[in-house]
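Heads up, the next two complexes both have chain A, just with different partners, chain B and then chain C.
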Partner chain A sequence: MGLGRTLLIRGLSLLLVVFAVLLMVVIVLGATGVSDKILKAYVGEELRQIRQELSQRIRDPQELEKALEAYKLDLERAFGLDKPWYFRLPDMVRRVLLLDLGTSRTITSFSGSNKVSDIILERIPNTVILVTVAVVLSALVGISAGVKIATRVGSLLDRITSYFSAVSYALPSWWTGIIFILIFSFYFRLLPPGGMYSTPPPQEPLARLLDLMLHAVLPVLTLMAAILGGWIYVSRTIVLNVAQEDFVSAARAKGLPERIVMRRYILRASTPPILTNIVFGIAGSLGGAILTETVFRWPGMGLLYYEAITAFDEPLIIALTFIFTLIYAAARFILEILYVSLDPRVRY
Partner chain B sequence: MSETSREAWRVFWSSNISKLGINLLAILVIVSLYVVFTYPLDFGLKYWNNPAHWVDYPKGVPPEWAKYFTSENVTEHRIYTLYVPSESRFVEAAGLYIKRYVITFDYQYDEFPSFLSFTVFNVTFNREPPIIFLEISRPDGVSARIYTLAVPGPQEGEKKPYMRYSETPFRVFLSGDPSVAQQLSRMLKRDFDISLTPTEINTIGPEKILFGEPDTGKNFTILKGVYRVDVVLASSDEKDSVGYVRFVVAGNVYGWVGTDSLGRDLAVGLLFGFPVALLIGVVTTTLTTAVGATAGIISGYVGGKTDDIIQRIADVINNIPLLPILIFLIFVLKPSIWLIVFLLVAFGWPGLTIIVRSMVLQLRTSQLVEAEVALGASKWRIMFRHIFPQIAPFIFAQMIFATPTAILAEAALSFLGLGDPSLPTWGQILNYGFRDGGVYVGYWWWIVPPGLLIVLTAITFVFLALGLEPVVNPRLRRFK
Partner chain C sequence: MSGTTTSEVKFSELEKKIKRENWRRIWFRFKKSKLSVIGLSMILILLFMAVFAEYIAPYPSHAGLYIAFKNAYKPPSLEHILGTDMYGRDVFSRIIFGFRYAFMMIGLVLSIVVPTGVILGLIAGYYRGTFIETVIVRLSDIFISLPPLVLALSIASILEPNIFNSMLAVSLMWWPWYVKLTYSMTVSLRNEPFILAAESQGASTLHILFRELLPNELGTILTKVTLDAGWVILIGAAISFVGLGAQPPTPDLGTMVSEYSKYLPEYWWMSLGPAAGIVLIILAFNLLGDGIRDVFAGE
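Let's turn to the complex of A and B:
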């Protein structure tokens, strides 16, 4: 039983999650009649094109209507609109999987296309950049701070961190973001209040990168504020628990220097649970990204969610929900690989 | 049992953080009870989300106490409502009954009012339709009749007494009304020898002309002193009456928390948020804990296929990214508070189930349970009479610890525009503030208080949970 098998099992269970979400989305859409609405919009769009073509050939208005009626019935049969929604489930699953959900109502991609897949695909990188930077930074700061504090339990720093993590748990990150805008952008005019680039964006690559970083400071800080406190606290507690284990006392009793006890005995044993904690933190960060992007008008999928809610754009919301789940599962899987390779015990 | 619970309480109460938590909780509960008993049930739809209710409030102004941070004496909002006339008499020569409503006030502020409005409610007459005049006398002796309202006469077939403006009051926004501007143009010509067209007056603002002295050119400086506003009802019958007259001198500050861009008194909306937040937090976590703990105990004790199925479902739900799914479902199924609570429960129980199961697995092999089985106790009896009490303190602590999550989740959904429109919440107030661009123009009183209240409510439960930790997990006690 090797690495491959373990990863296969984890991969399959994540696929099951994606499939469960997919099924739930499609069933809810069918049962509420939203899928009918989307397909009918499709049919209407096609009919409009057919009408244009037909009106070139058929002059008699009555004939035209008759021909169109026939086309309409054909199309409705082809889309399964003549049958109840549950017969259409497989077809709907295929549509969501391929993001074949027609066109958005008002929102367009940066290049002007209003195909759902175009709009979403170009936004994915923006979200991934934001979340990755925030998670990596939080992990670095959180773990190192947690380990450091675990060596000084009960100190002032330890108590401050405990309070900070308690506050961080109760703090809505998006509101923190709004306060950041109020302070750093409105009062001190230090940082831009939102967006990814200035308008117009700088042309030179280096200036462009700098501009991007300047715009990313507040959103990244906001995302970090939401997760950092918890991560420090959890890392501290895990290290502390490991430090109380008998094998650590045994190592100390052997007279090993504290540095080696820390690195070889405590930290190595603490890494897997800390990593587990981070794996679960990803879900929170993705959720946080939806809100943070909204607050800072960061043109990723999260902001798109908000725009779609405001514009009542169903196809976009469906596609976004699916893509978010997919990205989440992918991120989880990458971390699973890391996890399995770090902790030999889980290779059952 | 009572000995252990007294001991548990002693441990809980010995930490300052628990005391802080209990005190904050008491405040939250008291405010919530106050709101539940004093607010109407349809507050959201009838008042909060009804712009007509807020017309006479200043728009987007800071709280009153903000004026202590500026050197100027900022205009406070004044609403004068009179129900009984100050003076009634009969003018023989004209054959008219005159009812006079007099409002006097000392205007000592350094700023002009932000607007003026005049409202008449429920005019009742019996013969000829009455006429209502609005006159203003200024501290410098100048006075002007700035508005005349000719009440519409009886229609054919209408019965006495004739009622006007009895359902919706008649309101005139004096700062912007063309006839008011015309009257002011006449007043300026007559008393100050200044020619300004009504259009020019409306660009300067009629309230600046009424409450100011002409400076050079088209500038007006504030005129401080005692103003007198007379509302005169001239009617042909003694029984003719007016429900009330109202004159509003709109300020640049309002109330405890200020107003939003629709003029809504934010203090009123924020107060309403207390019971809603507590309700969502408490109901959601109680249900989540009940479902999660029950599933966990059954899964752990019964084992076998039941265990497999419960764990499989819990694993899948636990791995679904919560916020996107919540957004999707609430968007498609239309926002309502019960849907939000239901979904938070439906997706929130697996975490507890997984932990409780592992605890039950340990307890199942204990001697106590073995003895129970030997005595012939039923599965249910063992699960809920013997296993449950042992893990109950832990479950209770988990319940408290999960409350902030529910409160924050609802706030986040409301902020995204998916809140229940019939119940204003802190998240919704922030949503309006954000959507309206309140952040970018520095409306701090609109942005900061709702967020602080969310934090306060959430942190109350965090404190309680931290206080409970040493009770539930004795291993932590030695680090105190």
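Let's turn to the complex of A and C:
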């Protein structure tokens, strides 16, 4: 099978999976009656406002009730509450697929728009910056440290790093974040405790970038603290496993210098499995971003997700779950391409 | 007739002896690494504390709703080893009860997730190439294609926030990983001679799945279970942090850390204790998991 065709099939199946996820979320929300409950609560909220407005104009209580009843029926029809939940299903799926994500219930974008796509679009870059920097940095540090340690197993350095990775794996990342804020912003007053820019934000591009970097240090460190240990451990194990293979011994037996054995034989063969682990790294960071962004008030999708959950903004939760899945699927697809082009043995 | 009975007796005795010998070997390999023995004893101690929390905690009544404002915000002292919280409750006592919820969470989640995942994985691997495999594998693919925490949080958000629903949310995101693991092992064992031999002797499918395939996969599954125990606690704590998990005054460790971290930095002892408790329990399971992995890796 050709390379292009393999990738096409993989891409299509990923898209199908994303679609299935979306369908599942919508069905679960509908079938458990949550969707009905939220919409009814929303209608009730709306009615209370209308009652206040109407009571200014209509004095007769009976007349008022009648007008309100008419409004209620109108609203319920508009939200589709007069029919069972599955009648709302196709419409909802169609809209999300066309990326017409509708309007949020309470949360608005920074510019005041309540269109979900507006809200999410201005948040995506912020999360992407944070997650990419953290994943790339911890991959670089983790892989080079793991490879280095794999060449001297059992040394003091090896033991120290394995203790470190065991503890880093066990700490709740949001608590580490809180501790970082305490140490670096309150005690030493070195770094800002949260947000993305100082208030007021600097106008010059260079100063703005510097300000952004200063604000990003702690969130990135927090995310890294949670994933770096795993990185070191995994790359150490993979390199160790490859180093025990026959072709490595053969290379050594040929009398090749250790440097070349390491680079051309061990590292070349270790790259694909290490790459697969980037997928898990991204998955972990996307989830971790929810917690880290919340702790540091970093205005990305993670913080938005937290706000949507606490305010129970149903359209926003559905849309965000969809976008998170989409980003995750896209990352998996890119890695799939890298994997296939790096390891000629893999052809589906 | 008496001859067959004695040989049967002898055979069962021999079998018992072999079993005992096997266990002794496992224990021998396990205790070679000091760290895994430390992990095991840590878990046993914590479990003991969790079970007998009422008798071990210095102030058992402080676990739930209890208010004594005159004792509030006390730093660690001999009377209160880890200090008291904003209602005057002893933090150390609450942590001991917190271990109980932690073990409950691990036990419940894993007892939902592991059997479901393993059985589905066995079936999917055994019926390779049929539509049963397609359905099971695709379904778990769907769950896996969501970032784990996003899935757990979105499930927890539509349910009422309490400790059982957060366990449910964690379980729903977890089972596909066991399907994947068991499935890939079953597929590679499927065409081994001993399975073919069992099939040609007319063994039932149930026998092949649970007596031939499962015992060969148990080591890897058990390793994953112990290493996952820590993750269960972490994800549960994250759900509590967002406010969708156990609600105060439940002495759940995650809920306590997120509740008490509002009082940082002046009252640092409040959140430090429960957080250290979380680290301790996760560390213990990870050490044990490493030990178990070494035992089965040697085979």
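The working rule: the second predicted complex is superposed on the first by the 289 of 348 C-alpha atoms of A that agree within 3 Å, B and C clash if a C-alpha of one lies under 4 Å from a C-alpha of the other, contacts with A are read in each partner's own complex, and residues count from 1 in each chain.
By definition in this document, contacts are C-beta pairs under 8 Å (C-beta built on N, C-alpha and C of every residue); 3 or more make two chains touch, one makes a residue touch a chain.
Here the structure is a predicted model, which is why all the values come from computation and not from measurement.
*Asks:* Using the superposition on chain A, tell me whether chain B and chain C clash or fit.
*Replies:* clash
*Asks:* Once the shared chain is lined up, is A:Val153 touching chain B (first), chain C (second), both, or neither of them?
*Replies:* A:Val153 sits against chain B, while chain C stays out of touch.
*Asks:* For A:Ala78, using the defined touch cut-off, is the partner it touches chain B, chain C, both, or neither? Pick first, second, both or neither.
*Replies:* neither
*Asks:* With the two complexes superposed on chain A, say which partner A:Val136 touches: chain B (first), chain C (second), both, or neither.
*Replies:* It touches nothing on chain B or chain C.
*Asks:* A:Leu8 contacts which: chain B (first), chain C (second), both, neither?
*Replies:* Neither chain B nor chain C is touched by A:Leu8.
*Asks:* With the two structures laid over each other on chain A, which partner does A:Trp174 touch: chain B (first), chain C (second), both, or neither?
*Replies:* Both chain B and chain C are touched by A:Trp174.
*Asks:* In the overlaid three-chain picture, which partner chain does A:Val28 touch, first (chain B) or second (chain C), both, or neither?
*Replies:* both
*Asks:* Touching A:Pro193 in the superposition: chain B (first), chain C (second), both, neither?
*Replies:* first
*Asks:* Determine, for the stretches 27-35, 135-143 or 189-197 of chain B, which one clashes with chain C when the structures are superposed.
*Replies:* The superposed arrangement places chain B into chain C at 27-35.
*Asks:* Following superposition on chain A, which residues of chain A contact chain B and also contact chain C?
*Replies:* 14, 17, 20-21, 24-25, 28-29, 32, 34, 166-167, 169-172, 174-175, 178, 182, 186-187, 283, 286-287, 290-291, 294, 305-306, 309-310, 317, 320-321, 324-325, 328-329, 332
*Asks:* Write out the stretch or stretches of chain B touching chain A in their complex.
*Replies:* Listed in rising order, the residues of chain B that touch chain A are 315-316, 319-325, 327-329, 331-333, 404, 408, 411-412, 415-418, 430, 434, 439-442, 444, 447-448, 451, 454-455, 458-459, 461-463, 466, 479.
*Asks:* Mind listing the chain A positions that touch chain B in their complex?
*Replies:* Spelled out, the residues of chain A in touch with chain B are 13-14, 16-17, 20-21, 24-25, 28-29, 32, 34, 153-154, 166-167, 169-172, 174-175, 178-179, 181-182, 185-187, 193, 283, 286-287, 290-291, 294-295, 305-306, 309-310, 314, 317-318, 320-321, 324-325, 328-329, 332.
*Asks:* Using the touch definition from the top, list the residues of chain C that touch chain A in their complex.
*Replies:* Listed in rising order, the residues of chain C that touch chain A are 138, 141-142, 145-151, 153-155, 157-158, 230, 234, 237-238, 241-244, 254, 257-258, 261, 264-265, 268, 271, 275, 278-279, 282-283, 286-287.
*Asks:* Help me check something: in the complex, which residues belonging to chain A touch chain C?
*Replies:* Residues in contact with chain C: 14, 17-18, 20-21, 24-25, 28-29, 32, 34, 166-167, 169-172, 174-175, 178, 182, 186-187, 283-284, 286-288, 290-291, 294, 305-306, 309-310, 312, 317, 320-321, 324-325, 328-329, 332.
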